[in-house]
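Chain nomenclature is as follows: A, B, C, D and E, assigned in order of appearance, with residue numbering initiated at 1 for each chain independently.
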Amino acid sequence: MMDIVEDLWAAYASTLGFAMVNAFFALATYATLSAGILSFGAVTFGAAGGFLGAQMVLHSTVPLPLIFLAAGLAGAVVSLLVAMIFLRLESHWMALASLALVLITRVVVLNTPDLTGGVNGLSIPQPLPLEWLAGLLVVTVGAFYALDRSWYGIAARAVREDTSVATCMGIDPRRIQLIAMGISGFVGGLGGVMMALMLQFVSPDTFFIHVAFTMIAGVVLGGSHHWFGPVLGAAVFTALPTVMQAFIPEMQDIGNGAALLLIMIFLPRGLLDPRAMRLRRARK
Amino acid sequence: MLSVTGLNARYGAIRAVSGIDIEVAKGAFVAILGANGAGKSTTLRSIAGIHRPITGAIRLEGEEIGRLRLHQVVRRGLAFVPEGRMVVAPLSVEDNLCLSAFAGRGNQAALLARVYDLFPRLAERRWQTAGLMSGGEQQMLAIGRALMTAPAMLVLDEPSMGLAPAIVDIVFDAIVALHKSGQSILLVEQNAAIALSVCDHAYVMKRGLIVASGPPDSLRNSAEIAEAYLG
Amino acid sequence: MLRRTLAALAAAALLATPAFALDAGAYKVGFVTDNTGPLAFAGMSFSRGAELAAAQISAGGYMGIGTKLELVEKEGAGDAARSIQSYNQLIADRSVLATSCCILSPIAGALKPIALNNKVPLVIYGATAPGLPSLPYVYSVTGLPGPAEVAMSKHIAAQAKPQTVAYFVLSDNEAFQARFKASQAAMEAAGAKTVGVVNVLSADTDFTAPATQAIALKPDLMMVYTTQSPAAGIVAAVRARGWTGMMSANDAISPAAVFKKIGPPLAGVPFPVNFSPDASETPKAKGFIEAYTAKHGSAPDLYSAQGYTAIWLIAQGLKSLPGKPTREALATALSKITVLEHDVYGGLPITGGQAETRYTLFLNWTADGKITAWKP
Amino acid sequence: MTLLALADVTKSFGGVTAVGGLSFTVRPRHVVGLMGPNGAGKTTIINLISGLLHPDAGTIRLGGQPVTRARPHEIAGGGLARTYQNVRLISGMTALEQVIVGSYLRRGTSLLASILHLPAARAAARATRADAMDLLARVGMADRADTLAETLSYGEQRRIEIARALASQPKLLLLDEPTAGMNAAESAEIGRLVHALRDDGLTVLMVEHNMRLVADFCEHVVVMNFGRKIAEGPPAACIADPAVQEAYFGKQRDAQRHRA
Amino acid sequence: MELFFAQLLNGCALGALYGLFGIGFGLVFATMGILNAAQGAYASWAAIVAMYAIDLLGLPFPVAVLVGILAGGMVAVLVDQIGFEPLRRFGPGLHQAAMLGALITSIAFWIMLESAAGFATGQQSLAFPPGSYPAAVFHAGPMMLPAMQAITLAGLVVVGGGMHWINTRTRFGAAMRAVGWDPVAAGLGGVNARVIVIATAFLSGGISGFAGILSGISTANVSASLGQGLMLKGFAAVVVGGYDDIRGTAIAGLALGVLEVFCAQYLSSSWRDGFAYALLLGFLMLRPRGLFGSAGFTRA
C-alpha cells in the first residue's frame, strides 16, 4: 500500500511541482487581469526573476529564501518600469505592447550570455524542495485572498468592470493598475525562479510566448474573477497533457486545444466564477 | 401596412413594453408620444428587429416579422431611423447611403438622386466623413439611408432630438414631404406639439402601456398627454 | 557449421547454468519521445529505431530464453517541463530498469540529475553536449561534435584545395558553433582562409539574404554548420541564386526526406556521417535497414540508427546480468561495456560512457537522389 | 458662497454642440434641479462636472477650486459623488460590496497591511463594512446586503447606487434622473431621501425630466435646451415659463407651419 | 553597391510576405477587433494543402495555389464561426471581455490547427516538389530576380492594391467597415452582418494563406510551424502600418523585411529581431495608430 502511494508520488510529484510553478505565473497574470489589464508581461518578469535567481544560486551562497525575495523584487522592479511606460496605452494596445515585450525579452536574453548564459542557458545544480514551493504558494495565495477582500481588491474589480464608474468613486485607475503591475511583477519573478529551480535549468526558451499563452489560458480556464481560479486553472492545464497522454497520446495537443475551446464557449468566465455562484444563490 | 398586436418587451427583469397594439395603415402617418422611459424606443427597436426576443405579433403587409433580424426586416421594406442617428462615422456620406444596396430594394441611382434631391445638404457633402458632420446633417443622412432601401414603411425614432429649431424644421419639412408623396410613416417623438401637427393618428405611451390614442386634434389638449408628460 | 555448433553449445551452457542467465520475463525500458513539438521530424525517427530494436531483441531472445524487452514510451514534446514530468513518471515505475531520452542538450542536462538521484541508468540518444555522460548511470550513444567535421575538413582540404572559405553558422546553437570552430581551425591549418561567417538563427526560414551575403564573399568553398531545415534551405537558396561553387554540409542533410524536399541542388554537397542506409555496409547495418524498411515502410536515417543503438546498449547490459537485475546492477553492467556488440556502425567503442564516432563516411547526394561516396 | 460654479462651459462632439456657453451656480445645502427635454445636454453637463469629459471652453469650480481639467478621481476626492442615468452598478458585486467601492476614499489602511492581513487592516475593513451596512439601511436595502446587485429590481439598484455615492461622504451629490423607471410611490421615496440628505448638510444637483417631481423636490431649477440655459429660478416659475413649455411640447407656430 | 541592391530586393521580397500576411491579419483586427493567434495556422494549412494538391493530386501550379487559398479561407471561416461567433454576444467592437475571449479561443485553435498540421506533414518540414513552381531567374545586368520573388512582390501589389480598392471603393468594403464599426448601423442599410463577417474571415484567411503558400515555396519549407514566423512579423507590420490601413501594412511589411535583411548584412544577425520588435514597441508607444493611422473615431 505504501509502495503504491510512494510510486504515485514519485510519478506525479514533478507534475504537482510544475502545476504549482505555473500557478505563480497564472497568479501574476491574474493580478493584472483583475485590475483590467491584459498583459503577457509576467513572462518577462519571470525571466528577470529566473535568471537573477539562477545567477545567485551559481555565484553566491545566499540562502534560498533570500534568493526568492530577490527574484520577486527583480520582477517587481522590471514590472514597475514597464508599467510606467505602458500604462498610458489603452487596454488592447497594452496587450500588444506586452506581447512585443515578450519577443524582445527573448532577443535580449539570447544576446546577453554573460548574464543569462545566452543560447545555452544556465544549469542550476540546486533542486527545489517541493515543500518550499508549496509553502510559498500557500503564502502567496493567502495574500491574494487577503487582497481580494481588502479595499484594493474591491477597487481593482471596480476598475476592471467599469473604469469610468470607479474613477468617479475617487479611485485612481492608474494607481490601482500600478499596484497590480507591481504585484504581478513580484509574483511573476517568484514564478521565474521557481521554474528555474524546478527545471534546474533556464534558457531563452524557458520564458517565451508559449508560457504567456499557457498562463493566460490557465487563468481564463480556472476563472479570472476569483483569487483561486488561476491556481485551479494552472493545475488543470499542467495535468491535462499528462491525462491526455494516457488516453490519446498522439492527439494530446488537439485534446488540450479542444478542452480550452469548449470551456471558453460554454463557461466563458471559467471554472470558478463568483458571479455565477452568487447568481445561483440568488435563485435559491 | 404595419400591425403590432400584444407586443411585450423586457430588458432583463425590467418590463419596458407591456402588451401594446399599434396599427399603421398604408400611406398613414402615425406618431407615438410619451415622456422619457415610456417604452417608445423599445417599441420601435422591437419592430425593427434590434430588440430580441419579444412576444406578440408584428406584421408588415401581412407578413410576420417579429422573429426576423434587423437586416431581414429592412430587406422586407421596413426602414428604421434610430435615436442617435447611428451613422457609420468612418464612412463617407455616399458610402453610408450606398450601404443600403445590400437591402436589394429599388434602383440605387434613382434612390440616391431622390435622397440628394430631398436633402441638398447631403449632396454638397457627399464625400464628407459622416462622423465629422453636424447633428442635423447626420439626422438627414440617417433618414437618407433609410430611404435608400425604398421602404414600404418608414420608422423614425426621435428625429428632433438634440437639434436646433431651424434644423428640426428642415428635417420635419422633409418628413412631411415624404408623407405627402405617399410614404407610410411611424414616428416616435417626445416633442408632442410638432408630432401632433404632422401626424394623422397618435398613440400616447406611459410606463410601457398605451394610455390614449386617436387623431391629433382629440389629443392635443387632453389630460392624458399632460399626465404622460408631467408624470 | 562451426557457428551453429558454437551457438548450440552456448545455448546448452545457458540452460545448464541458470544462475548466470537473466530470468525469463519482460524487462521495461523507459523512453522519452519527442514525437510532437518542434523536434518531431527527428523525434519520430529516434523512437521508430528504438521500437525496432526492442522488437528484434524480444523476438530473437537476445538477452536469454524467454526474455523480452518492453519499451515504455512517454512524450516529452521537445519541452523541458513536459520531459521532466514524463521522465519522473517513467522512473516511478519500479519495473522500469533503464531509461533513454533526449534530443536537446538542455533537456538532457535537466534529466541527468534526476537519473543520478534515482540511480536509474539513462542512455542519451541524441543530445551532443560534452560532459553529459556520468558513470555508472548516464551514457551517450551519439558522437560528440567536432571529430567528424575535422575529419571532413581535412579530407576536403586535401582533395579540393580551396583557398578561401565562407561559413554558415547557427549562431544560437552551441553544438554547431563548436562544429564550426573545429572545422574552421582545421581548414585554416590546411591553408584555407576564412573570408566570412554568415550567422543564421534556428527559427529562420528565409535564406535568400544570407545566401546573397555569402555569394558576395566569392569563396572557393561554403561550409554549412546548421540543423537540418536551415542547412537544406541554405543549400537550396545558394543554388537558386546561381552559385555553382563547392559547398559542404553535415549529416543533418543525409535523410532521404531532405533530398525529396530540396532535390538536385543537394547534388555534390559532401557531408560526414557514420550511418547511411545507402552507404553503410556492415551486415548489422544491412539487417537494420531491411527490418526497418519492412516495419515502417521507409528507409531509416541517422536518427533511427541512434535510437536503435541506445536500446541495444541497454539490452547488452541486461544480457550480462543473472537472475532479476536491479537498476544499480544494470548500471554497473553498462559501465563495463567498452564496445557495442550490436550496432549499425560496426562495433561502436564506448569510453567513459561516451560513444566515439569512428568509420566516418564522406558522402553526397547525386542529382537523381542516390547517396554515393563523395569525390571532388 | 457657492459650492459649484459653471462659467461659459462649452462642449462639442464632432460637429455637434452638446453644451454651449452654459453658466449656473449651486449653493450649499440646496437641492437644485437640472431640467430639459431629451438631448438637451443634461447628462453631458453631469459628465463635465464629474470630470469624465472636459469642456472645450469655460471653467468649472468645485468648492472654490478650479476643476475644469481635473480627472474624475481628483474631483471625487474634492467631495463630489454621482449616480448614473442608466444605473451603473459593478457586475458581479453584492449590494454591500457596491457600497464599499464607494468608500474607497476613506479606506484608512495601507496596501501592505492588507496583503499581510494585519489587525489594523482587518479593523479598517470591519469599520468600512459597518458603515456600508448603515448606508444600505438608510436607503432601505439592509436586508439585501449580500445579494448580487444585478439581480435586484431597477428601483432597488438605484437606491444602492445612491448609497454607493454617499459612502464617500461627498459635499455635492449629482443624481442623473434618479427616478427614471420608477413608479410614483418609489419616486416619492427618493424625494424624501433627497430632502433628508439635504437636511443632513448635503448639496444635491439632480437631473430630472419629470416636471412634477422637479417641482416637488427642488428649491432651484436650471432648464436647458439645445445645450443652452433657457430658464433658471424657482421650479414653479420655470415650469410656467413659455420657453420651457415650448421646449417640452414644441412650438405651436412651427406646428401650424407643418399643417399648412 | 551591387550587394546593397541585391539585399534590398531580398528584403523587399521577404517584407512582401510579411505585408501580405499582415493584410490578412489586419483585416480581422480592424473590422472585428480580434487579435487572432490562429492566423499563422491559416498560412501553414494553405501551404500544406497547396503542396499536397501538387504532390498527390498533380494539379497545375496556379490551380493548386487557388486550392490552398481556398483552404486558408475555409479554415478561417471555421475558426470564426466556432470560436468567435459565440463571443459576439458581448457586443461590437474591442470590448475587453470579447477581446480576451476571442484571444483565448484563437489560442485554442492555434494549438489544434498547428498540431493537426503536424500530423498532416508527418512532423516533417516538407517542400513543394522541385520544378512544380516557376523557378526561372530574371537577369538585368548584375542584378537577378528569381521568379518567386517577382511573384511575391507582384502578389503584394495586386492583393494590397485590390484590398485597398475593395475597402475604399466598393460597397462590400463599405459594408465590412460598417460592420466593424457597428453591426446595427450596418444592419440599418440591410447589411447582413453575419454574412459580411464570414466573408471578411474568408478573405483574411485566404490572403494570409496566400502569404503562407508563397513563403512555403520560396523558403522550401512547408511545415506546421510555417505560420509562426509570418505571424510575429506580420503582426508587427500591422501595428507599425496602422491597423486600419492596408497601404500602411504593405509598406510597413516591406520596411520590416528590408530592415531585417540589412540588419543581418551590416549589423548583427542576432539582434536582428530585436530591432524589429523594438520598432514595433516604439510605434505602439508613440504612434499607436501606426504610420498611416487616421485620427479616426473611437467607439463610444
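Everything that follows uses one rule, which is that a residue touches a chain if its C-beta (ideal position, glycine included) is under 8 Å from a C-beta of that chain, and two chains touch if they have at least 3 such contacts.
What you see is a predicted model; the values in this text were computed from it and never measured.
Chain centres here are means of the Cα atoms, and by that rule the chain farthest away from chain B is C. Comparing the centres of all chains, each the average of its CA atoms, the largest separation from chain E belongs to D. A straight line joining the Cα centres of chain B and chain D is 31 Å long.
Averaging Cα coordinates per chain places chain C and chain D 76 Å apart. Chain A and chain D have Cα centroids separated by 41 Å. Note on chain placement: the centre of chain D and the centre of chain E lie 49 Å apart, centres being C-alpha means. Among the residues of chain D, those in touch with two or more other chains are 151. Listed for chain E are residues 115, 118, 270, 273, each touching two or more other chains. Among the residues of chain A, those in touch with two or more other chains are 110, 250, 253. Chain pairs that touch, as defined above: A-C, A-D, A-E, B-D, B-E, C-E.
The part of chain A that touches chain E in the complex is made up of residues 33, 36, 38, 85-86, 89-93, 95-97, 99-101, 103-104, 107-108, 110-111, 213, 216-217, 220, 224, 250-251, 253-254, 256-258, 260-261, 264-265, 268. Remark: chain B residues 49-50, 69-72, 74-75, 79-82, 86-91, 95-96, 98-105, 131, 142, 145-146, 148-149 touch chain E in the complex. Interface residues of chain D facing chain A in the complex, by the touch rule stated above, are 50-52, 71-73, 76-77, 81-82, 84, 88, 90-94, 97, 100-105, 107, 109, 111, 114-117, 121, 124-125, 128, 147-148, 151, 164, 168. Of all residues in chain C, only 35-36, 38, 40-41, 43-44, 171-172, 198-201, 203-210, 212-213, 216, 228-229, 232-233, 236-237, 240-242, 257, 260-265 touch chain E in the complex they form. Put simply, chain A touches chain D in their complex at residues 142-143, 146-147, 149-152, 154-155, 157-158, 161-162, 164-173, 179, 225, 274-275, 278-279, 281-282.
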